[in-house]
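Please find the structures below.
You will see two complexes here that share chain A, one where it goes with chain B and one where it goes with chain C.
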Partner chain A sequence: MLDQQGEWPHGVHPIGTERKTEIVTSLTVMGIETSCDETAVAIVRQIDGAGPELLANEVLSQIEDHAPYGGVVPEIAARSHLVHLDGLVKRALKSADLTFNDLDGVAATAGPGLIGGVIVGLMTAKAIALVHRLPFIGVNHLEGHALTTRLTNETPFPYLLLLVSGGHCQLLHVKDLGDYVRLGSTIDDAVGEAYDKTAKMMGLPYPGGPALEMIARDGDPTRFDLPRPLLNRKDCDFSFSGLKTAVRKHVLALAERDELGDQDRADIAASFQAAVADVLDNRVSRAMAKTKDQLGEKPRLVVAGGVAANQALRARLTETCETNGFTLEVPPVSLCTDNGAMIAWAGLEHLAAGHTSPMDLEPRARWPLDKSTTR
Partner chain B sequence: MTSLLAIDTGQAACSVALWRDGAVAAHRLSPMPKGHAEALVPMIEEVQAEAGFAFEDLDAFAVTVGPGTFTGLRVGLATARGLAVAAGKPLIGVTTLEAIAWPVRRETKEDAAIVATFDARRNEAYLQCFAASGASITEAALVSLDEVATHVPDRALICVGTGAALVRDRLTSHVHTIALASAAALPDARVVAEIAADRPTETEELPGPLYLRAPDAKLPKKPLTASPSEPS
Partner chain C sequence: MSRITPPPTAQNDSACEIALVDALATDRLGKTLADMVGQRDVIALWGDLGAGKTSLARAIIQTLLAASGLREDVPSPTFTLVQTYEAGSLPIWHADLYRLSDPDELIELGLEEALEGGLLLIEWPDRMADELPAERLDIELKEVGDGRVACLTGRGASWEDRINRAQEKMLQNDT
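Let's turn to the complex of A and B:
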């Protein structure tokens, strides 16, 4: 890795000793994520010739702080990130048994997300980078989700990505680091958002998505005939608000007659989930048809984001892959929901490619992935 | 304290100062309603280049903790707490109201009180009163402009800050003189550094924000339907 002048590339330094003619290089990066309701810090290391290692992964969920409000309150989230983040930074170093001196870079989510929280993580990362003269990398949160599979499954480029979470729902052609083409996205609600809102209508506790999946297991998915929005459209866009409205009508009709029992809730949940599965299957199949010939010998579908934790949807996407000759790759559930590891890893990938961010990098509430690399 | 780095982003300005051996060694200040997250770290780098210090040689950091804009406070505190943790140095918190009151001592008669105040919008002001010596008389508080008279002492006053004229105009029945200070209406890291230099730093705990105003968050209305029965 030595360049012609015998200088080490920025941020890359040798560890260990020479093995024959090969020199082992290593990168260790801290990642900070504060763009929604999870305060998270992780440390990732990659040594040349070996797989990446997750050395620390601290996540502090704020679910309890937001539960009384039935959703994430941005100001409450921002206040919580500020008082907890520096403690998590210390904890991550301790659990990895490292000091700041062992780091080669500091990455933080620079957007998109709730701006108050993004600011807290971004400024903390800049401060650490400043004191220890480390490269600073501002990471797109969506890119973190998009690249996690390369940390956990060492998935090679290119691949098709379905990003489904409480705030996002899109299909991307991941061509290379920093080269993403958006094939489609939701024109209204994200999948996780539709789950949470539907669950809320039925009086399920916050966060509603997992609760809805749970009761759907005992429900009849054919009892309610719900719409499948945008099915068979030629693009790869999604829509879930019509589905949500249809569910609302059924819920209200039952509630008015005072007939909304537990079995009804289960049947509604199962019917709703079946509709979502049909929509995902249809839209993903469409994206597969569009990209398959560009995805190499072994085309892959990667699913990322919190909704990837849903077993029913995952089973359906496994079928979608089989039908279309794709392989399904999904990171572990703990790294599908928001976490610092995905930010550390995206930072590490950019650092290895020689990308860093300026110290005047602005936090961004909106930041579409297909127009992004680190600035 | 021999040397410390102070920052302020709590109001409509961004400033950084290095304090060394009893004086300000380098300083930057820019008025700005927003953009602190972009401006602050490059400003610290400029001060560092000018004063030539290493973070490991500092004795402490100092920051304004509020009251101020929520975003501004978070920019300053997240940066300052990050610096303190990264460098393993203490962090001293100074309120924005202390920071604007401190320079007013020089223009205040002994028997007068300093009223430091920021316009908090919504017919409210952040307000704290100090003696001519600079010692605080009241706690920092968020007060309704209709009730400011009950929050100031019964003596001659000198008002400072973005809320100074607002507060004076509401003190129509105050029997003593009310002056407007000529000192700056916004905090300045130079003053923050000077105040912090005399503060003890033995505490491990990092200072937190002084918002004085609760988050805007409403509890939800009655749910659409009742909750499902508890599993038996």
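Let's turn to the complex of A and C:
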């Protein structure tokens, strides 16, 4: 953005003016994501008149490092990001066959997330931007998830977004770039967190979500009567804490009688998953009713975040869409979990709109998307 | 393995048990405690997954925010480790150390800053080991039958009177 003297800082060219005079506009942006488990760097390019291209997508998951602890260990995360990030940046450039000079901007997650990790990614992006005189864009991690569908499916604005991951669960009306209205969010646990904790109670390996989904396939979803919190409430909020507590009671009761076998675990997992599916279906249907007439002729539901990889929930949301006259759009699984491409893409969208961030942009542990801004 | 019970009661500690028959009772305890806490107070919440630690913390935080005319969601801090709030001039730090394995990792969270002037609510306080402040209120949440019991242990003189008041208030509410 222009500073007080009307000068563009850091040698930034105003994209919207000079470059628009060129016959073909091309933007190439690097994105860095370090806000949780994954250290990730990607490069995306958009040439006017052509679809966006993912030129490089390097992801280093720390899940193996974390498995013994049953979750992400923040200090390990920050240290590991620090160790691996430079190498990933080089690898991304190499696999895209580019140098820093070919970039038009560098973006990094500025929050929300584990603050140590966010600092590592943000400082790296700022350093690259300063050294190579590139515009820098601090991206809200949630906005990255929200916009990925525009990179992969070229989804037009507006759409309804269900963001479900380890740390987040919310419904958003995505009206335009930077214009997001939160329709509802979890008042306690996120879906991914509920999966991880439920899995842990049953002694399943980390990450718990995929492990729980796997054993649920062989389970009876009707055996345990679990609560469906907040169902039929007029707003679009979620709650999963009571569900977790109810599962715990069943696990403890069975364990006390020394009867918690594989079939019981499968039945609990299936019952838990059925309850989550019911809650998602109910809350999403309500959000659809609220927004449908504002979403154009072909209303779309986009599902983003790691939980979108869950096939059972996805099948249920497909039904939800059919019932309500919506089209379901889900980015490929590899881009639903945390990745650099979504950050590069969100950065590119903002850069194309003429938005850049100041070099003193601070990392934020908490950053609600509906107050999102790169400025 | 994680420890879900606080250390045994020592000579100068004051303790009491409060039955929490339902979610409303948890809310009431949260409100009662919110009325008697302030700067530099530390509340350590003990108990297993699903014992109700976050629910009690939420009741305390939302009561304090409401007193300043604020209404905010209080999500589980498991993912972010620490969530901070401002209730008027009182900073509130809500920490969940579930995912920590070594007290050295605490440095990154900056909890010592909370101890300087804020109210600190800690879930999974066993992760702090010796770093856990000696003067604090321990609350252990246990399931008993269909309900829960909150065992309050005040560590340090400043808690003795407050624990008694909390118990009286909860008993009044019961009748």
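To be clear about the criterion, the second predicted complex is superposed on the first by the 353 of 375 C-alpha atoms of A that agree within 3 Å, B and C clash if a C-alpha of one lies under 4 Å from a C-alpha of the other, contacts with A are read in each partner's own complex, and residues count from 1 in each chain.
Just so we're on the same page, contacts are C-beta pairs under 8 Å (C-beta built on N, C-alpha and C of every residue); 3 or more make two chains touch, one makes a residue touch a chain.
Since the model is a prediction, treat every value here as computed from it, not as a measurement.
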item	value
Partner chain(s) touched by A:362 [first = chain B, second = chain C, both, neither]	first
Partner chain in contact with A:316 - chain B first, chain C second, else both or neither	neither
Which superposed partner A:350 touches (first chain B, second chain C, both, neither)	neither
Chain B or chain C, by number of chain A residues touched	B
Touched partner set for A:89, first chain B, second chain C, both or neither	first
Chain B versus chain C as contact partner of A:193, first or second or both or neither	second
Touching partner for A:166 - first (chain B), second (chain C), both, neither	second
First, second, both or neither for A:150, with chain B first and chain C second	neither
Which superposed partner A:116 touches (first chain B, second chain C, both, neither)	both
Touched partner set for A:247, first chain B, second chain C, both or neither	second
Contact residues of chain A, present in both the chain B and the chain C interface	69-70, 73, 75, 78, 115-116, 200-201, 248, 252
Interfacial residue positions of chain C with respect to chain A in the complex	48-50, 52, 54-55, 58, 73-76, 78-84, 98-102, 104-105, 108-109, 143
Chain A to chain C touching residues, read off their complex	36, 69-75, 78, 112-116, 166-168, 185-190, 193, 197, 200-201, 241, 244-245, 247-249, 252, 365-366
Residues of chain A touching chain B in the complex	68-70, 73, 75-76, 78-79, 82-83, 85-86, 89-90, 100, 115-116, 119-128, 130-132, 200-205, 215, 248, 251-252, 255, 260, 262, 265, 359-363
Residue ranges of chain B in contact with chain A within the complex	35, 37-42, 44-45, 55, 70-71, 74-75, 77-87, 206, 208-209, 211, 215-220, 223-229
